[in-house]
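Consider the two complexes below, in which chain A is the common component and chain B and chain C are the respective partners.
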Partner chain A sequence: MELVEAIILSVLAASTPLLIAATGELVTERSGVLNLGVEGMMIVGAACGFAGAWLSGSVFIGALFGIVAGVLMSLVFALMALGLAVNQVATGLALTILGVGLSGLIGAGFVGERITPAVHLHIPGATDIPLIGRVLFGEDGFVYVSIALVVGVWWFLYRTRAGLILRACGDNHASAHALGYPVLRIRTFAVMFGGACAGLAGAYLPLAYTPFFVPGMTAGRGWIALALVVFSSWRPGRLVLGAYLFGAVTILQLHAQGWGVGIPSQFMSALPYLATVVVLVLISRERSGGSTAPAALGTVFVPDC
Partner chain B sequence: MQLVLEKRAERSGTIALVSPLIAVGLTIVTMVILFAILGKNPLLALHAYFIAPLTDGYSLQEIAVKATPLVMIAIGLSLCYLANAWNIGAEGQFLIGAVAGSWIAVRTQGTDAGAWVLPAMLVLAAAAGALYALIPAICKVKFGASEILTSLMLVYVADLFLDYLVRGPWRDPHGFNFPTTAEFDPVATVPLLIEGGRLHLGSIIVLLVVAAAAILLGRTIKGFEIRVVGAAPRAARFGGFKADRLIILTFAISGALAGLAGIIEVAGPIGHLQPGISPGYGFTAIIVAFLGRLNPLGILVAGLFLALTFIGGEQAQIAMKIPLDVTKVFQGILLFYVLACDSLILYRFKLVFPNRQVARGAG
Partner chain C sequence: MRKSLLALATGLLLAGSVSAASAADKLKVGFIYLGPIGDLGWTYQHDQGRLALVKELGDKIETTYLENVPEGPDAERSIEQLVRAGNKLIFTTSFGYMDPTLKVAKKYPNVHFEHATGYKRNPNMSTYSARWYQGRYIQGLIAAKMSKSGVLGYIGSFPIPEVVSGINATMLAAQSINPNIKVKIIWANTWFDPGKEADAAKALIDQGADVIMQHTDSPAPMQIASERGKLAFGQDSEMIKFGPKTQLTSILDTWGPYYIERVKAELAGTWKSEDSWGGLDSHMFAMAPYTNMPDEVKKMAEDAQAAIIAGKLHPFKCPIVGQDGKPVECKGGDHLDDGQILGMNFYVKGIDDKLPGK
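Our next item is the complex of A and B:
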């Protein structure tokens, strides 16, 4: 019983950064922009988040630092890919390379430091319910925020006018422009939202997952988040499923290493990455009939004024 | 005030030539600001980065040694990018090539194997790199899976695989438990060009690769196909060029070159297999490819320049305690400026001050 609860808790913890980052990227991609710099924005969010929390002594301030850092990074992307109409794939790669360097520079002074990690919710009575108590009522704030974020994004995309306009920009920017919508401005906001989420997801790692900062601690989670968006067919509901599945794979391999299964630990550590490849292949094959991706995804738009 | 892009009637040839220089200039200006923020004397830092390595023979050789893998990988990547195939997993193909070539070196260790060892290592490394690159290429062509994500995921897998080998089956029993193979035998080592120097045979190989790529792109039908498929996919379809086949081909070539670069690095300057054999060559090569404007000769120059920043970064760290991460920031910023300046080739930038009346009339 306790073991099951512990596994569920650790799966949630491992899934949360993936879910937050992927939710942000989903909104970005729904507006027609492919920002491959998620990993870079996350790692800068992790460094700035830790710096903020260490300097202020508050995890909340740290998370805000992470968000702001992510937004600033995404603005660099927006300036390039939207403002200057540069190829989005190349710009996203540049953002990741820059982010890895910046995070090392920012975080260098904080390696080896520790902070008090994010507190977990505790409701007397409710949290003590066996099996589900701690899962539902004993998480840290990030977990609840991630759920609220997905629900909010679903509501925004499918239940509001603004969400409809955003999806229109992603499916046909020329038509959206012809109807008088400011395509580039809408896309800039979508990119900024993606940056905020990536920054928050990055900050989660040193603020809640491990209470210290290590260079390169995102370890490809930003790229896995990108793969999750593909897996979800750009739908928030399936994103949740995908993120928790991936969290489960990560935890499974950690536990398998702990149990001393006779497989070298490196092979187990490679599982999440291999799983990503397999899932991408399966998902892409499944929809060989027609793509569910936003039709204008990754294409350059220059308004003719 | 608003920035507006205006499409040029035709791409500007002048700007295509000077845009990498503008980008380097802008990067240096940005670095001066960054050095000032870090509290270092910008002029001394720039000197340590860009001038000091050029003033002694050892550093000059070291630049050529560092440029060798960068140029070799970037040449392969440029073929992919020209064909609009996004291989960003060169780092993984580099590692797998190093592993595959090292296999022969490890198996023949201490035997009286002859001169065939090194050529066999090079061939096997190239083949392994190509095969490893074919995984994302085939996933893309057969199933439509994003080659960007799959090729990148395989970098982590390759890294872990190498780590497993040097900590497990291939670990040097006399290596004091360090995760490394034993030093390769002389027959399994890339020969030096100058006795006691640093320059090795790899630098010659890379020059041949540059020449071969220049001929492929400039003088052959295949090269023409690659360029057309990337630049004008519709025209390529009408011309009967098979984009899928070119994705497979360019991935295989770039994987082979990355694998070759991997084994040359391991059997050359390093001398044994260990974790951390690459300071991110596969990723820096992406910058080299773009800075060189996807042109073989341009890539050669760009590779030497990026190698200079690696060496300069190390010297700046020793002389001025400037963190090594500054080099990565430098490289990232450089790529941004290169891409931004490339936009100038196709567009004119105009600052527009919106006029109310016009806005009302148009809106």
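Our next item is the complex of A and C:
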């Protein structure tokens, strides 16, 4: 039983950065903007988050630094892709390259430094309940924030007028524009939200997951977050499912190795990705070929005024 | 997609750092690094070697390094870039640079190359590596003494001979102390991913391992072991900062003396193609101070280290029994020969696991 609890805890920890970053990107893409720079925004968020926590001694301040850094990075993207109507794919890729370099520069002075990681919730009594106590009441703040975030995004997209307008921009920017909505401004906010989430997700790594900073520590998690958005077919509910599934497969394959299950580890390492492909195929079958992506995703919009 | 990005990034890096090189009549020495110099592990230690070199011979040489160079075709371009920039001696510091280095070496016979951890040589291309398995043997002795659960946790990177020989050396040593010792092996299938390494360490500890060993590059496993109150060994560099009450010792790559020796030979015009595979006796690597263990265990480790240096103790002393229960052919007299260690692709008896790909 203890092992089950330990596995669930590891899965939650491994899934949380993916969930946070993917939630932000989901909103960005729902507004019709494809920002491939998630990895770059995450790694800058990681460097700045660690720097903030180290300088202030507070994980909370560190997380704020990460968010601000992510937003600043996303504004670079917004300026290029929305303001100057540059190709979004190229701009996003450039943002990642910029982020990797920038984070190395920012973080250079902090390599090898240590901080006190994020504290875990402890409610006497509740946290001590066997099996579910630590899972429900013993996580660090990031885990709870990630859940609140995804619920909030679901509510915003499907239950508010602003969410409807944002989705309209993503499906048909010309119509939204004709109805008088400021498409570019809405998209800029969506991109900034994506940046904030990516920055927070990045900051989670050196503040809670592995409390130290080294260049390149995101190790491709930004790309996985991008894949998760597609996996979820742009729906917050499926995103949660996808992120935890991905985390679960990652952790379970490590445990399977420890138990000596005779499956090649290379295959097991590839399992999460294989699962993504399988689910993608299933989703597209269920939709009988119809695309679930926001119709205007990745297209440039220049208002004719 | 990641690959092409890295390639692009390297291109940018190249443009930046090579143009910075200038000044005449000093010997130009180039380095190709796999990771960032701040990785706290493999690349960091190579760069420490370079810095030692600069400190010793800085008035006669000029060094250039390219970091984050991916293994594969792009490496060739990076190495060639260093040649064109006038470097006369080039160190390529990862196994995957082997073929690219050889290709460039054949193209430029007047430039000398040094490739780390590979086995292909040319009249102008040397290879160098360290006998880390000696250090792993000492770690195995310590681990068996310190483990209360009798289960060791081992995080591997890729199932290549260097890593496999490390696992075997560890287990042979551990079995000499406790014949029933068990090891749980998890392959991360990466050299560097702090998150995944941490998850692997958590999985091993959750499954009962109380001494963690790693053959991956980040201090994350050390940190997890420290958090959970277990013990661990560092890798490549000193990691005691991440586990002051956790680190037992660490295998420290110390490339400085070798780099200085080879550059001196180049300056004197006596450089020739060689294969250097140095052990504890050659200062190619060192053991970090033995900490967090009782004095008698510390003494045992120090004695083993002295015996290995004196040539009295060989980690792969025959008879060695494979997983199938059959003794392994003994090609080196009373121990396995270097070829057998360099190409090791089997587990020794007592490891209840299957080697991937076997």
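Definition applied: the second predicted complex is superposed on the first by the 270 of 305 C-alpha atoms of A that agree within 3 Å, B and C clash if a C-alpha of one lies under 4 Å from a C-alpha of the other, contacts with A are read in each partner's own complex, and residues count from 1 in each chain.
Quick note on the criterion: a contact is a pair of C-beta atoms (placed from the backbone, for glycine too) under 8 Å apart; a residue touches a chain by one contact, two chains touch by 3 or more.
Quick caveat, the model's predicted, so the values are computed rather than measured.
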Discussion item. For A:23 in the superposed arrangement: first (chain B), second (chain C), both or neither?
Written reply: neither
Discussion item. By the touch definition at the top of the document, which applies to A:108: first (chain B), second (chain C), both, or neither?
Written reply: both
Practice prompt. Check whether A:223 is in contact with chain B, with chain C, with both or with neither, and answer first, second, both or neither.
Written response: both
Fill in: Touching partner for A:232 - first (chain B), second (chain C), both, neither
neither
Practice prompt. Applying the touch criterion given at the start, work out whether A:210 contacts chain B, chain C, both or neither, answering first, second, both or neither.
Written response: second
Practice prompt. Applying the touch criterion given at the start, work out whether A:281 contacts chain B, chain C, both or neither, answering first, second, both or neither.
Written response: first
Worksheet item: Touching A:262 in the superposition: chain B (first), chain C (second), both, neither?
Response: second
Discussion item. Which partner chains sit in contact with A:91 here, chain B, chain C, both or neither? Use first/second/both/neither.
Written reply: first
Worksheet item: Which partner does A:146 contact after superposing on A: first (chain B), second (chain C), both, neither?
Response: neither
Discussion item. By the touch definition above, which chain A residues appear in both interfaces, chain B in one complex and chain C in the other?
Written reply: 93, 97, 100-101, 104, 108, 219-220, 223, 264, 266, 269
Practice prompt. Could you pull out which chain C residues touch chain A in their complex?
Written response: 1-2, 5, 8-9, 12, 35-36, 38-40, 68, 153, 159, 184-187, 189-190, 192-200, 202-204, 206-207, 209, 218-220, 223, 241-242, 352-354, 356-357
Fill in: Touch list for chain A against partner chain B, complex
36, 76, 80, 83-87, 89-91, 93-95, 97-102, 104-105, 108, 180, 219-220, 223-224, 226-227, 230, 264, 266-267, 269-270, 273-274, 276-277, 280-281, 283-285, 287-288, 291, 302, 305
Worksheet item: What residues of chain B sit close enough to touch chain A in their complex?
Response: 3-5, 7, 86, 88, 135, 139, 142-146, 148-150, 152-154, 156-157, 160-161, 163-164, 167-168, 283, 286-287, 290, 323-333, 335-336, 339-340, 342-343, 346-347, 349, 352, 362-363
Fill in: Complex interface listing, chain A residues touching chain C
2-3, 6-7, 10, 13-14, 17, 93, 96-97, 100-101, 104, 107-108, 111-112, 114, 205, 209-212, 214-217, 219-221, 223, 250-251, 254-255, 257-260, 262, 264-266, 269
